[in-house]
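Chain nomenclature is as follows: A, B, C and D, assigned in order of appearance, with residue numbering initiated at 1 for each chain independently.
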Amino acid sequence: MLEIAGKKFTSRLLAGTGKFGSYPQMEEALLASGTELVTVALRRAEPNDRSDGILSYLAHAHINLLPNTSGVRNAAEAVFAARLGREALETNWIKLEIHPDPRYLLPDPVETLKATEELVKDGFVVLPYIHADPVACKRLEEAGAAAVMPLGSPIGSGNGLRTIDFLEIIIEQSRVPVIVDAGIGAPSHAAHAMEIGADAVLVNTAIAVAGNPVSMAAAFRMAVESGRSAFESGLAGKSGTAIASSPLTAFLNE
Amino acid sequence: MLEIAGKKFTSRLLAGTGKFGSYPQMEEALLASGTELVTVALRRAEPNDRSDGILSYLAHAHINLLPNTSGVRNAAEAVFAARLGREALETNWIKLEIHPDPRYLLPDPVETLKATEELVKDGFVVLPYIHADPVACKRLEEAGAAAVMPLGSPIGSGNGLRTIDFLEIIIEQSRVPVIVDAGIGAPSHAAHAMEIGADAVLVNTAIAVAGNPVSMAAAFRMAVESGRSAFESGLAGKSGTAIASSPLTAFLNE
Amino acid sequence: MLEIAGKKFTSRLLAGTGKFGSYPQMEEALLASGTELVTVALRRAEPNDRSDGILSYLAHAHINLLPNTSGVRNAAEAVFAARLGREALETNWIKLEIHPDPRYLLPDPVETLKATEELVKDGFVVLPYIHADPVACKRLEEAGAAAVMPLGSPIGSGNGLRTIDFLEIIIEQSRVPVIVDAGIGAPSHAAHAMEIGADAVLVNTAIAVAGNPVSMAAAFRMAVESGRSAFESGLAGKSGTAIASSPLTAFLNE
Amino acid sequence: MLEIAGKKFTSRLLAGTGKFGSYPQMEEALLASGTELVTVALRRAEPNDRSDGILSYLAHAHINLLPNTSGVRNAAEAVFAARLGREALETNWIKLEIHPDPRYLLPDPVETLKATEELVKDGFVVLPYIHADPVACKRLEEAGAAAVMPLGSPIGSGNGLRTIDFLEIIIEQSRVPVIVDAGIGAPSHAAHAMEIGADAVLVNTAIAVAGNPVSMAAAFRMAVESGRSAFESGLAGKSGTAIASSPLTAFLNE
C-alpha cells in the first residue's frame, strides 16, 4: 500500500483539479478516479467561502487536499505561499512547484531544493515537482521530502514517459515514494509508470480535457491498478530475439 | 461490443495457451483474464482424450476455442490442418498462422491470402495473423477474413506497438475487427492498442511467463478495459507545446 | 562496394526526382548527392523529347536511370508499364512500385511478388518496393529480385526507421542488397539505416523539399558515407547500464 | 562557425580521451575526428611529465585542451580541482563535471551551479555538464557559463537523444552554445543532435571502444558536418500524413 509521510493510501492515482468544464464535473470525475489525494492551486482555493468555491466540491471524507504552489518563481515565494496555504486550508501537506519560466513550467532544481529544506524545517510534508533528475531527487529526499514527483515529459504534452531512462534510476535509488507527474496523457502511460515500479502517478489534463472526463477518470483508475498489479506479478523481461508462444513444430510432417 | 462473424464478445482480450507452467495454472489464468476466445495450437489439442488433455481445462461455457495452425509453412498445409481441426474440435473458426521461417515466425502474406480465400470458400471463419501491412489486411478483408490480426512487434519480443504507424492506418481502413497480435508484453501495451482504436488484442507469452500468471491475467483484463474506455471517452490529442494544468499566475504579486 | 545485378556502385545513396522546384535545381542536387542511381516515374519520362524534358537533366555518365512504376495498382499494370519503359528508356532495370491505395501508397505484397516473377522471367532487373516484411522480402529474393526495397516508415512521413525491428531481420536474412526506401526524412535517418547494415538508401522528398535542396543533398551524401563507415568500423553495442568515459576516481581524496 | 567564449572553432565535434586502447591510437583517432577541443580528466594529465604521458599525444596546434573535473562530488572539490588544473595545464577552460553518485555519474545541478558561479568569478571559462534541464541550463547561462553541456542519455549508454523533448527547449532558449554530451553512441545520434540545432556534440566512448576507433572518428566527423549542414539547409518538417514523392496518377489509364 502506498504510504506517504506515515499516511496510507489505497489509491495510487493522484489527481489535479485544473481545466475541468465545471466544478460538479470535476467532482464526479474525481470520485470516479478513486483518488484520495487531490492537488489544488493555492490561489484557486478560497477558504473563506467554502459554500460554493472549489473546496466544497472536494469535501469528501476519503479525499485529502494537496495544495500546490503553482505560479511561484523562487523559493521565497514558495515558502510564503505554502505558509499562507497551511493556515487557510489547515493542512501541512504541500506540492512544491517552482517554475520561473512561464512558457514550459519546468521546475527549478536549485530553488526547489532550497524551499524544500526550509519547508521541512517548518514542519511541512513536502512533495516537490522536479525534473526526472536522479541526483536532484536524491538531494530532495535527503532534505526531507516526503516523496519526489519527477516529470514524465513536458507538462501538458501528453507524451508519456519520455524520461524513462532516468525514471528507472530514480525508482531504483529512491527511499521515498516516486510519483510520476506531468506528461501522462493516456491510461497506457499511467500503466507504464506503474509497471516500471513508480509508487503513484498524478494525472490532471488527460482527465480534465477528455471527451468524457468521468469515464476517462475511471479508465485511469483501472490503468493504475493494472500497472501496479503487473509490477507486482512480475513482468517478463523484454527479449531481443523472437520467441514463439506456440509450439514450433511442422506438425503435419511428423 | 466486439462482434466477429456475427458472434458478440464482452471481453476484448483474446488469450493463448502456450508456455504456461501447467494446465491448471493456465485454466486459472484464463478465467482471471475474462477472455471468451482462446487460441490453441491444433497439434496440442488431442480431441480423443478430452479427459485430461488441454481441452478439458478449456471446457468453460464462456470460453470459445480458436484453433490455430501454428507450425504450417504454406497455404496447402494450413488448409489441410484447418480441416482436420474442424472435424476434431467441432468449430469452423480458425486462426490462420503461416510462417515459413522457424526463427522469427513471421507470417507469409502471399500464402496467408491464398489460404484465406480457400478456407472462406470452405465455410471457415478465418482470423489471419498478418504483418502490420495495411494493403495485406485490406486484401484479407476482401477475401472474406472475419477479422485481421496484425502484429505489434516480433512475436515473443514484448516490444509493444512498434508498428503503430501502420496499425493506425489499418484501423482507419478496416471494415472487420482489428486484433493486435504478437509483441504485447505488458498491460500498458494492451491499453495502448485499445486507445488507438484496435478492437481487441491477443496476449499469450506476457501472461504465461509472468511471475504470477493469474494476477497478470487480471492485470491485462483491466488494461484492455481501461484502454477501450479511454478510446470511447475521447483521448485528448497530443500537443507539441506545453500547456499547464494549473492556472499560470504569479499569484503572490497581484 | 555496393553491387546490384553485377553492376558496381561507389555511392550508396539512391535518389528520386519528384517534387523539386525545377529541373535545373534537381540536376544540381543530384550531382551534389553523388548518386549513381536515380529513379524516375515512367510517366514523367518523355523519351521522344530528350532535349528539354527531365531526361536531359539526368544525362550524366555516372548517373544510371531506374524507372519506377509509380501509379500502377496491380501486377498486370506494372508489367505493362515496365515493358513500355524498357523500350522507351533503353534500360531493363525497374523499380517496381505497386500501390492500390492512392492515399498511403503502401505496396501490395501479393501483386508485387506476381509482377516480380513475371518481370524476372522477361529479363528485367527488378528492385521491388515492399513493406518491411521479412517473409515478403525473402520471397521476392527467391523470385529473382535484384535487391529489396523495404520501407522505413510511411512514404513522405519523414519518420525515419519506424520498422527497425523488421529491417534488422531483413538485413540479417537477405542475400540481395537491402535498400531502405520511404520515410527517410533527415540525414540522421540515412546514417541510421547504414549503421544497422543496410546496403543503401533511397531519398527523395527530404532532399527535394528542403530549404536548400543542393546542400541538403550533400548532407545526405556525407550521412550515408558516415553511416556505412560506422557499420564497417564496428559500432559498440548499446549497454543498459551507464559506463563512464572518464576514469571514475575521487581523485582529490587519494 | 562555433564560437565559445570568443574563440572560434571550425569543428563542432568535441572529443574525449578515455577508454582508448593506447595513446597512439587515441592520437590518431583525434586527428581523424578533426576535433579542435579535447577533454581530458585532470587526474590523467600529468603535466610534469609531458614527454610520454597523455599530453604529449595531444600536443597539436589545432587541438585545444578542455580539462574536466571528472571524479569530484561537490562544488568545493570541483573548484579546488579546477584551480590545480589551471596552473598545471595553463588553460582557464574547464569542463565542469560534478557527480556524487559513482554508479550513473549523473550531474548534480545544485553543486554545478554553485561551482560555476565561483569559477566564473575566478576567471574560468566554464562549460558545465548538466542534465537536459532547461531551467538548470538557463541558470548556468545566467551565472556566466560559456556553454552548456546537457546530456542526451545516461553516460556510456549509447542510447542517443532520449532527452530530445528537453534538448529542443534548451536549444530554443539558450544564448550560449549548447553542446550535447553523453549518450551519443553512433554517428546518426550526432547528426540528429546537429539537425535539431545543437551547436556541437561531445563524443568519447562511441569512438574509443569502436572496432576501429580511427575510422569511427572520421565517421563522426562526417556525421556532425552532415547534421549541421542539414540544419542550415532547412529540414522539412515531419508530416503525419503520407505524401508521395512520385506523382500519383494511374498513368496507364488516362
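Here is the rule we go by: a residue touches a chain if its C-beta (ideal position, glycine included) is under 8 Å from a C-beta of that chain, and two chains touch if they have at least 3 such contacts.
Being a predicted model, the structure only gives us computed values, none of them experimental.
Residue-number overlap of contact pairs with C-D passes half for only one option from B-C, A-B or A-D: A-B. Between subunit A and subunit B the CA-based rotation angle works out to 180°, given as a multiple of 5.
Centroid distances built from C-alpha atoms place B farthest away from subunit D. Here the spacing of subunit B and subunit C, counted between their Cα centres, is 33 Å. If you average the Cα atoms of subunit A and of subunit C, the two centres end up 46 Å apart. Across the assembly, subunit B contributes 104, 154, 157, 159 as residues in contact with two or more other chains.
If you draw each protein chain as a dot and join the dots that touch, you get one closed loop, with every dot joined to exactly two others. Remark: subunit A residues 16, 18-19, 41-44, 68, 70-73, 77, 80-81, 97, 102-105, 154-159, 185-189, 191-192, 195, 204-206, 208-213, 215-216, 218-220, 222-223, 225-227, 229-230, 232-252 touch subunit B in the complex. By the touch rule above, subunit B contacts subunit C in their complex via residues 99-101, 104, 106-110, 113, 131, 133-136, 138-139, 153-154, 157, 159, 162-166, 169, 173.
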